[in-house]
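Letters A, B, C and D name the chains as they come in the text, with residue numbers starting at 1 for each one.
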Amino acid sequence: MTPSLLYAFAGVGLCTIGLYGFVRLAHLLRKLLAFNLIGSGVFLVMVGLAQHHNGPDPVPQALVLTGIVVAIAATALAVVLIRRYFHLSGQTTLAEPARGNDEGASQSGEDRQR
Amino acid sequence: MSFYRYSLPLLPLPALLLALLADPGWRLELPWLLTGGLWGMDELRQTFLLLTALLWLVAGIFAVGYLENRHLRRFWVFWTLTLSGNLGLIVSFDVASFYSFFALMTFAGYGLVVHEGTDEANRAGRVYLAMAVVGEMAILAGFLMASNAAGSTVLAELPPAVAGSDRRWLIMLLLLTGFGVKAGLPVLHFWLPLAHPVAPTPASAVLSGAMIKAGLLGWLVTLPFGQVSLPDWGNILVILGAVGALGGAALGVFQVRPKTVLAYSSISQMGLMTLLVAGALAASEQFAAIFAVVALYVLHHGLAKGSLFLSSAMSLPAGRWQRWLMWLAIALPGLSLAGLPFTSGAMAKLAMKDVLKPSGLDFPLAEYLPLLMTAGTIATLLLVWRFLWTFGAGARTGANPPGRWLGWASATVSSLLLFWWLPVPSGLPDNAGFSAMQARAWSLLWPVLVATILAGVTWQIARLRK
Amino acid sequence: MTTGVLLPVLALMTSLLASVVIFALPERMHGVRVLINLGAAGLKLVLVGVMIWGIAQGREYEVAFEMLPGLRFVLRADALSMLFAGLSGVLWLLTTIYAVGYLEDSPNRSRFFGFFSLCVASTTGVALAGNLFTFFLFYEMLTLSTYPLVVHRGTEKALKAGRNYIIYTLTGGAVLLLAIAWLHGLVGDLPFQAGGHFADVEEALHGPLTIIFVLLIAGLGVKAALVPLHGWLPQAMVAPAPVSALLHAVAVVKAGAFGIVRVVFEVYGVSAAHALGLLSGLAVVAAFTIIYGSVRALYQVDLKKRLAFSTISQVSYIVLGLCLLGPVGVAGGLVHLVHQGIMKITLFFCAGNYAETLGIHRIDELDGAGRRMPATSVAFTLGAFGMIGAPPLAGFITKWKMGSGALTVGMDWVVVVLVVSSLLNAAYFLPVVHRLWFAEQRTPWPQERRWGRLETSAWLIWPPMVTTVFLVLAGLLAAMPFSPLNWAGLIVMREVAL
Amino acid sequence: MILWVMAGLLFTPLAWAVLTLLTGFRHGRWISWLGIVLQALVSVGLWAFVTRDGGFYYPLGGWQSPLGIELRVDGLAVTFVLLTAVVAGACGWHASLYLDPEKSWHRYFWPLFWFLWAGLNVVWLGDDLFNLYVGLELISLSAVGLVALGGQAGALRAALRYLLAALLGSLFYLLGVALLYGQFGSLSLSGIAGLLESGDVESVPVVIMVLMLFGLAMKTALFPLHKWLPPAHGIAKSPVSALLSALVVKASFYIAARVWLETGHHMGGYALGQLLGALGGAAVIWGSWLAFRQEKLKQVVAYSSVAQIGYLFLLFPLTWNVSETISVQAQQGMTLQVISHALAKSAMFLAAGNLILSVGSNRVDALAGVSRFLPFSLFSFGLAGVSLMGLPPSGGFAAKWLLLQASLASGQWWWLAVLLFGGLLSAAYVFRVYRASFVEKTDVDEFYHPHRSLEVIPMILALLSLGLGLVAEPVLSVMAISFSEGGGL
């Protein structure tokens, strides 16, 4: 049970917690945080498992770096969207609003090009 | 409109010429027609053609005076189609054209039956059509089996094949019933007494005179005569003929309308002819002689019945002696039916007696034939008297349009006089000529006297009770 | 590119191109549309005629290319395909003329004539198909191109009839696809070949082959309106008259029957199908359909519905004809493909005339129509008598051939079926003929339209006249070379190794 | 020469993305048209090159793996690149005419469009599992951006739902990749396959494959995980929803197919294959049933995508330890299904967009009278429907035929039911739209007639999809190009 395997199992633990949060929590920001938790869990697993075999290995380090960059980009986009969504509909969860205004609101994006 | 009216009598003329002039042996090959057409003429068909053409001619003349303008064009169309069907089936020698013309005559005949358009006419037409279609289908099935057995569609080759096939009884049953509907066999006769009174008089004259004979012709050309003698079929047909002759008369005497009485008289006459057919079937070696007698009988009956039917629509003249003369002229064809000496009926009756002698035929019911024939004669005469009685009761007095006069007169003349000059089928028994009539006058006369006495007695009782 | 390859493709292309061009035409250009329609129909007729002449001389027309690995798209003109292609070519020309007159001032004519020529293109494709797969391809195209014609009016009833039509035909198509795929899986690509492929097939395949045959017949039976699968036909009568005339007399119904002919003759082979005991089952179904169709027709009040049920029963004559193993019976069945087409299209033209000119849809409104429209009524009467099988018309020839064929093979019960169905035909056609000629007109016509001297517009009156002449000639001149009967005999001699 | 082609494939889209970011929508339109033409040329160049020399591995920029990005170019990849060129080009051209330049946020359409295109090319050509992850993320983010372009709350909600689902899916996939790397020490798919074949590294428990496939199935919206697709594709603008349905959804499926085909034999199991097939079958039935019940036209088309994706997943059971010929047949069937669905679905979405634009409402029953006054767009919608139904001579039919043959040959007859019944169900919802359009409402034509070329594009796509059946043979030959021995530079 080399210490690196310990990291891998910690990573898996983080993933499960993050997944639970992602599914259960309704508020969008909380879901986003849960998503970041899963992300770091996965990166931990990636690094931990690699070292388990034959000492430190540069490849997963590089990959994790790219992974982190991608995760940040995704989180940034999510935050922008959540803010815009809140600004438009005052909703902070993904729940469908009452039938009433949904009809008017989303003319499915087709506006008459007269 | 006048074209339709005056062209009616001209239509059968070419057929009449063909009947008179054509030699019996000619054949007309039409390979492209249907499944290989073949038309022609022979001894038997010549007489049938002669009768049909003559009768349609006479009825046509009568129709000129009889028809009013309502639906005249439609009547003309159906009259012509029925005529061509009737003539065509006589000359056709192959199954397809025979059956085609037969069907054409049947379906177009419906047009004549329902011409008046009354409810009674429609009902009669419906019965006529239903029975006719069933008959057609029976004929179709019969033809299919026969031509399949014969492996060809030429009519002449059917009888030997039918005689030899193992399903002979089925084929004969089908053909007998199929043509029997048209010929008015006892169980299949229901449409006849319904159709005749409703049809216009010239149509019913032709219907009874010529079209019924088509059924008879159907029998003669398809059933296996001369191949093998069939005593059991002979018996059946004798019974059917007897029931037809006597039953028809029994029903006929109680009818009120003259044309219905005549219809039953046709049924009874066809019964007699069925006896002849029975004889031909049973005694295969004498079928040629019997055929000749049948042809003669058909000719005689057609003309006599035609004139009777036409007379039923005549109105009697005012003057006393003209009235008596008219009565006599109307009665004579009726009496000729009953075989009065020196009339066509006598000749037919004598020929029939000679050829149906029990000695010549060796099937169980042969010896009853003479008895049946005399009973038939009596029955016929009773029906004629009944016709005259009902006609007298309802007759109108007044002038007849010229067309009617001419049509009726020509019918009566041809039945009484012209008959002797018409080409008579050869092979008739020789002792049926004028001379023989004197010698056997008594054998012809006594049934006539018996029937007349009977009629007179019943007439008196009816007058007293009224 | 010898002409051998060119002709079938050209025959197919004429109507395909015509439909594309007509779709592109704006609605108001009536003259041009009529011109294109008639031109395409005429050209196609010429091409089919040349092919018929070529085949009579024994030439061979075939074009094929590999569509999928192991799957070939084959167009082949042989005697059998020419029978159907010829029939559809001639009747398409007549129906186009009729349709131009019938839809005089109704909307959507571009759409109608576009799908109309598409439908005929697929019918020609069905006729010229060289193997089961190509047949299926055009078979399904036929379904798609006929749906818009059935729902052309856009009324609620038409849409419901269209829905029913689609459910029946697409399910049939799915079953057919299953059977073809299975067959293809078992024995690979099967071109249509005289005498079929399964003459001496080994024991193991008997089971699956029987099931496949049943599936094939079920799939084709939907369009051939065999009894349990006929529900869509009477309802599709709501379509305009030229549609029900062309579809139910020629295109759709015959495609099904033609498919069954191909399967029995050229995929299984009559002897193999008989050996597997399949033909007797098919014969029973066909016989039942004949009787059932006629009995149902008796009770119909609407004229076109009665004709629809009569079609159901008449098409099964063709199927019954296949099961009569003898050459004569089979030729009878085949020739009925043409005869029924001509007779039924005459009746539908007349029904359309009555509807268009006098507004008559029910049979009891027909009283006295004979006097008002003599020409149409004569055509109807002759068509009716032809259907009953009264000689000397075409119907009689079929019944005569099938009857004698059945007797030579010893299937006597077929004669009984023929007789009974003729009686039933008489029972439901003769009253109509009686009303035409002998009944007095009591009530005024529902919607009468006048066309001056003629009883109805020239466009509407000539097609039924022409088909009536064909009807009589097909019966009278049955023994001539190039008559339908003669051509059916040629097919039996060439294609069907009995 | 290959250098230019590869550079053109990956870098020009990125360059175009940046260029169009600087210009507004109107000028971006011209640049994009040029870009589309260039991309098409490059794709054809790649195809010509590959047919001449056969497939090859290409280390991008000369950097060797494992650090450098190694691209793998074989027949399948080339087919997908060509498909993208055609569909993305058509959607781009349609969008340029369809979208309203006045709206300010539409200026972000072109950059997102080009990022999407770049991501797609990365996924088709990528061989390294982690690079595939990066490509997937690039696609997802740009797709979410495109969906959000709708601008209303509904569009944003759909975009958010889509984003969360996509991110979750990617992470699961990444987890699987991480575990794989832990076991094999290599990230290149063909490398892992080689190790597995040579047997010096024993296979991993099936759970890793399950994880990866779960993530990819989430992004492909397979049946139980499809909740995010209909709102996203339904509400987005029609060129966007066409792109999404036709290509984006296929990217994750493409990766799953590659993984399964290369390593499925060892790492997958019979049960997993059958499960995926069963889920696919359920998707076909459930998707079609829901499509039949939708009121809105674009929702019908969206749910139809869910159904059609179900067919693709039949690939897994049909290629799991079956004979070579059957597996090839199944792959050909899958490829044809992907191509014909991409063409037909994009045609349908574009046609639906035109119809909604001219009818003014997005409900199905508002289409009354359309067949009379707008026959052309309705006809392209119809032709696309024919291909979806899988009726001959369409590409859909050819795909269904190959899948039928494969399932028959491999003895798994139950897929027949899915294929045939699915065809009927798709006929149900297509004909429902027909039925609505044939209803005769008014005689006057008060529809808005869109610009002629707007209607031509869906017709071209529909005809391509319809004609695909006839030219299936050459298309499949492109896919069958094998690796040349040299694996030249």
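Quick note on the criterion: a contact is a pair of C-beta atoms (placed from the backbone, for glycine too) under 8 Å apart; a residue touches a chain by one contact, two chains touch by 3 or more.
The model shown is predicted, which means the values in this text are computed figures rather than measured ones.
Counting hops only between chains that touch, chain A reaches chain C in a minimum of 2. Across all inter-chain contacts, the pair with the most C-beta pairs is A-D. Put simply, the chain closest to the centre of the protein, by Cα centroids, is C.
We define each chain's centre as the mean of its Cα atoms; on that basis chain A and chain B are separated by 107 Å.
Centre-to-centre separation between chain C and chain D, using Cα means, comes to 43 Å.
For the pair chain B and chain D, the distance between C-alpha centroids works out to 88 Å.
Arrangement of the chains shown, judged by which pairs touch: a linear chain-to-chain path with two open ends. Contact between chains, per the stated criterion, is found for A-D, B-C, C-D. Only residues 329, 332, 371-372, 375, 379, 386, 389, 391-393, 397-398, 400-402, 404-405, 408-409, 416, 420-421, 423-424, 427, 431, 434-435, 438-440, 443, 469-470, 472-473, 476 of chain D touch chain C when the two sit together in their complex.
Those residues of chain A that touch chain D in the complex are listed here as 8, 15, 22, 28, 31, 35, 38-39, 42, 45-46, 49-50, 52-53, 57-60, 62-63, 66-67, 70, 73-74, 77-78, 81-82, 84-85, 88-89, 91, 94, 96-97, 102, 105-114. Those residues of chain C whose C-beta lies close enough to touch chain B in the complex are 385, 389-392, 396-397, 399-400, 403-404, 407-408, 415, 419, 422-423, 426, 430, 434, 437-438, 440, 475-480.
The touching residues of chain D, counted against chain A in their complex, run 66-67, 98, 100, 130, 133-134, 137, 140-141, 144-145, 148-157, 159-161, 163-164, 167-168, 171, 174-175, 177-179, 181-182, 185, 187, 234-238, 296, 298, 353, 356-357, 360, 362, 448, 450. Contacts from chain C toward chain D in the complex involve residues 23, 66-69, 71, 73, 107-108, 110-111, 133, 136-137, 140-141, 143-144, 147-148, 151-155, 158-159, 162-163, 166, 170-171, 173-175, 177-178, 181-182, 184-185.
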